[in-house]
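Below you'll find the structure, written out as structure tokens, and then a few comments.
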């Protein structure tokens, strides 16, 4: 593990609860780890499992999804729909060898700035223990077994009639 | 797709990036110049600059000028939260001559400088976030806000002083008001008070004229003994269902002569009188109090013999010469359409049983403050005679402050009104009984006009003030003077020792809590709660009566403990906000709705069960899903679930989010 | 003969089903043979690699290559055919998205070799021999291709012009593609040559799917009787039809089996498995973890269910933490 490993956590926060909680944490000057990169969505129900996998594939060490508490969704029940796909997604991600701690879903309401701080710090600490996921680097490593140099020095030259 | 020509056409994407110092709020932690320098190197970025206060007029003008000067067609601002200034900068973008949705905002203050300390890491994060925005804004499209007309009526939920004042304000402005109150009468808690602090006005004298005005106002439809059961729609166009519980009285026939009450087979009350805090009894057919509005009796189905299947001669019905009593009445539902909603559902007094050491329910002469309000009131259960349960007058009274407030075992918050009402009750009790009055307080909080002066007056009147949280109330005497009395045990933190004060009567200054069903109400109106359970305002300072749901406003103690003047002021503010909405006459709908691209839709029906607003239907002829943009609220749940990628959400398109994700993760 | 466009067919890591689908063109293939010259088709005729090597770059008009890429030999042939062809078509699910062989991206190479050469019940290997890439015997060297760690789709190795999906592709799609080739009427590069719309579009069972569907329980098709007229999802079978491109004619559903997704995603979808998972899980009943999990328990193998044909080309490509890993 590299020294001073600073995990990158891609966070999807719903506009009405968790994003607002993060704003509240800011207004209240609650300090937490600078590890999150937040994508604002209107509702956690917008979070497509493709986004989560894309984040991992592009170098996220963890993905955090924050939504409203059950029953509190600004859109009535978007968070339940997220919950259903999240329950399946975490099984899938686990079967593909990504530690479950790297994918986290939390209900954080607009008034829970403190909870947001705690969740980010906790997740950062957990991922620091796990070390980097570094999928882009792994993809590159996997592809070192290809033989472009041996078999094909001019791979891109034949432009297939285009 | 060619990076250079993404967007609404084939024009080259030209992005302007503006980063705000916010004085030292951002620049104190983030190296804004370094971020600006970095962003300047990113593709499509034409200009990148930093400014002291970007939200200022000069800052906005800079954006407008740069749009013109550099022929920008995209703008990214890194500053505070978009929830604060997104509108400001969208407007500036529009003033520069481009569609306001060619704008994106990066939150580097609330999510950056204010929560991080390491300058290098906070700067790194700001760079990452800026890069994400730059990548996403390339894919933004021009969007138009849709306008919808606003219905010229308002729903006020709750008929306490907050609801009454809001309803009257709206009605006097010429708007149609539906006031829905759960109890048989409006008036709320204020109607139960004897006097109001610090002026000692008679509560009924100032409240009941307003109540009658509500009852007779041509613009107000008052539905008491009713509850809102469902609310659908959106700002300006809410569809509301109101359940009208049966009061077993034909409202249009009852004139409030109260003959039925006199003729009830029960000659005296047979059930606890809630209005008098259960200190007296009332009959099954009753009116909550003399000045109740509407002046209509109600029959309590729990107490009425006939309604419980018992044998009763129904003398109340025969006594009514207007045949207004109708035992067959069933609950009915009213359906109304309103433009705005004011939620004024009030509070619940703290349940004193939760502090068992104070003996409430165990010692007969331990009262809550609201009970004492009724006791000192001349229309109360004793006609204003303050007497103990044994009929004697108390010679000394202890008032315990902060019961269920400022207490980590119960509620942490200060209920704001208890100090003042305790002082008021101290004054009234002294006036009525000439007893020695002991106030046991933690701090005396009197922040209001004339409040501190009132406190001084009480001190001059010879009341005792003992600083200390009371440990318990005991009836075990250790000296003869304590025999047969209650002893308040308290550490006097000014004197520095534990005292035992024998008293005949104890008043518990119970705090204010959210109502038991606050959570249910909150869900019904789609608003949020703060962690203690009071309804959450949109912004604690700048939008104190708005909620996160447009067109739903808050008034009174449902938002947090407050006294009558503050409640009335807030109710007026909620009415003013509603009036703005109604008088503008239209609402602009955010364009972030979803739409189906027909050629990609297989009609698989995956999206149909997902929309909580029933905005998605199926065109059976074409075999595709159709989203009604008027009903769509833009959550994006269907977009995520569409297995064909056939649904797009404006401003949250897949390609925008993918671009954002992927660029956020590239380390600058 | 010399003026007819040269076409090549080749197979890599595949089962042979794709070859069958070519044969399934039946009379049409005879008709075609008058218009094209087949220069390579190992399953049907004896062409030599050196003949291809001798060709000029771009001399072959089009190559249809089926099978995933798993060995050094397959990679070499893919690169060779890429060079020699104007148009390279990934033919069938394996070449398109890795296919069934891609599922072995859940296991390390050593584990696979150990199973196949030692542990499988049918193996007889008394000396415990492992395959070697080189074998020296009396001065001669016999070689075998290197079996790589990772299974790849064709476009993860070389540039691909078009894709024909399916396990195996439908003969009509192949004919359409060849006719388009011959007429020069080709869509833009990268196009998947199958309708860009999900299988549900023409599914006769769709009308039985209610608008308020909520799945209480997923069932496995081999454990239950399947009603031939009712939507598979209504019956609780994980049918990937909503998330899968059409073009197969609903072959599995006609045989009363749920769609397993072999035609891959629609063009607006980047990861078929993630989308299929999302679509199916979003309509699960229940609001608590327990209720939801109990419904999802009917899908014990999410990778095999959602990525049966697409793991190699999925966003994660492969199981991440495997011991032993390639390095680290």
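By written order: A, B and C. Residues from 1 in each chain.
As a working rule, contacts are C-beta pairs under 8 Å (C-beta built on N, C-alpha and C of every residue); 3 or more make two chains touch, one makes a residue touch a chain.
What you see is a predicted model; the values in this text were computed from it and never measured.
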Selected pair, greater C-beta contact count between B-C and A-B: A-B
Nearest-to-centre chain - CA centroid comparison: A
Where subunit A and subunit C are represented by their mean Cα positions, the distance between them in whole Å: 29
Between subunit A and subunit B, centroid-to-centroid distance (C-alpha), Å: 34
Intercentroid distance (Cα basis), subunit C paired with subunit B, Å: 57
Shared-contact residues (touching 2 or more other chains) in subunit A: 48-50, 54, 81, 85
Residue list for subunit B, restricted to those that touch at least two other chains: 610, 637, 640-641, 654, 658
Of all residues in subunit C, the ones touching two or more other chains: 269-270, 275, 278, 282-283
Complex interface listing, subunit C residues touching subunit A: 57-58, 72, 75-76, 79-80, 82-88, 106, 146, 148-150, 156-159, 161, 189, 269-271, 273-275, 277-278, 280-284, 286-287, 289, 292-293, 296, 299, 301-303, 306, 314-322, 326-327
In the complex, subunit B residues that touch subunit A: 81-84, 107, 109-112, 114-118, 121-122, 124-125, 128-129, 132, 519, 522-523, 526, 528-531, 536, 548-549, 592, 610, 612-613, 633-637, 639-641, 649, 652, 654, 657-658, 660-662, 664-667
Complex contact set, residues of subunit C against subunit B: 196-201, 206, 209-214, 241-243, 246, 265-270, 275-276, 278-279, 282-283
Subunit B contact footprint on subunit A (complex, rising order): 6, 8, 10, 15-17, 19-20, 22-23, 25-27, 29-32, 34, 36-43, 45-51, 54-55, 58-60, 71-72, 74-78, 81-82, 85, 109-112, 117
Subunit C partner contacts - residues on subunit B that touch it in the complex: 599-606, 608-610, 618, 623, 637, 640-646, 654, 658
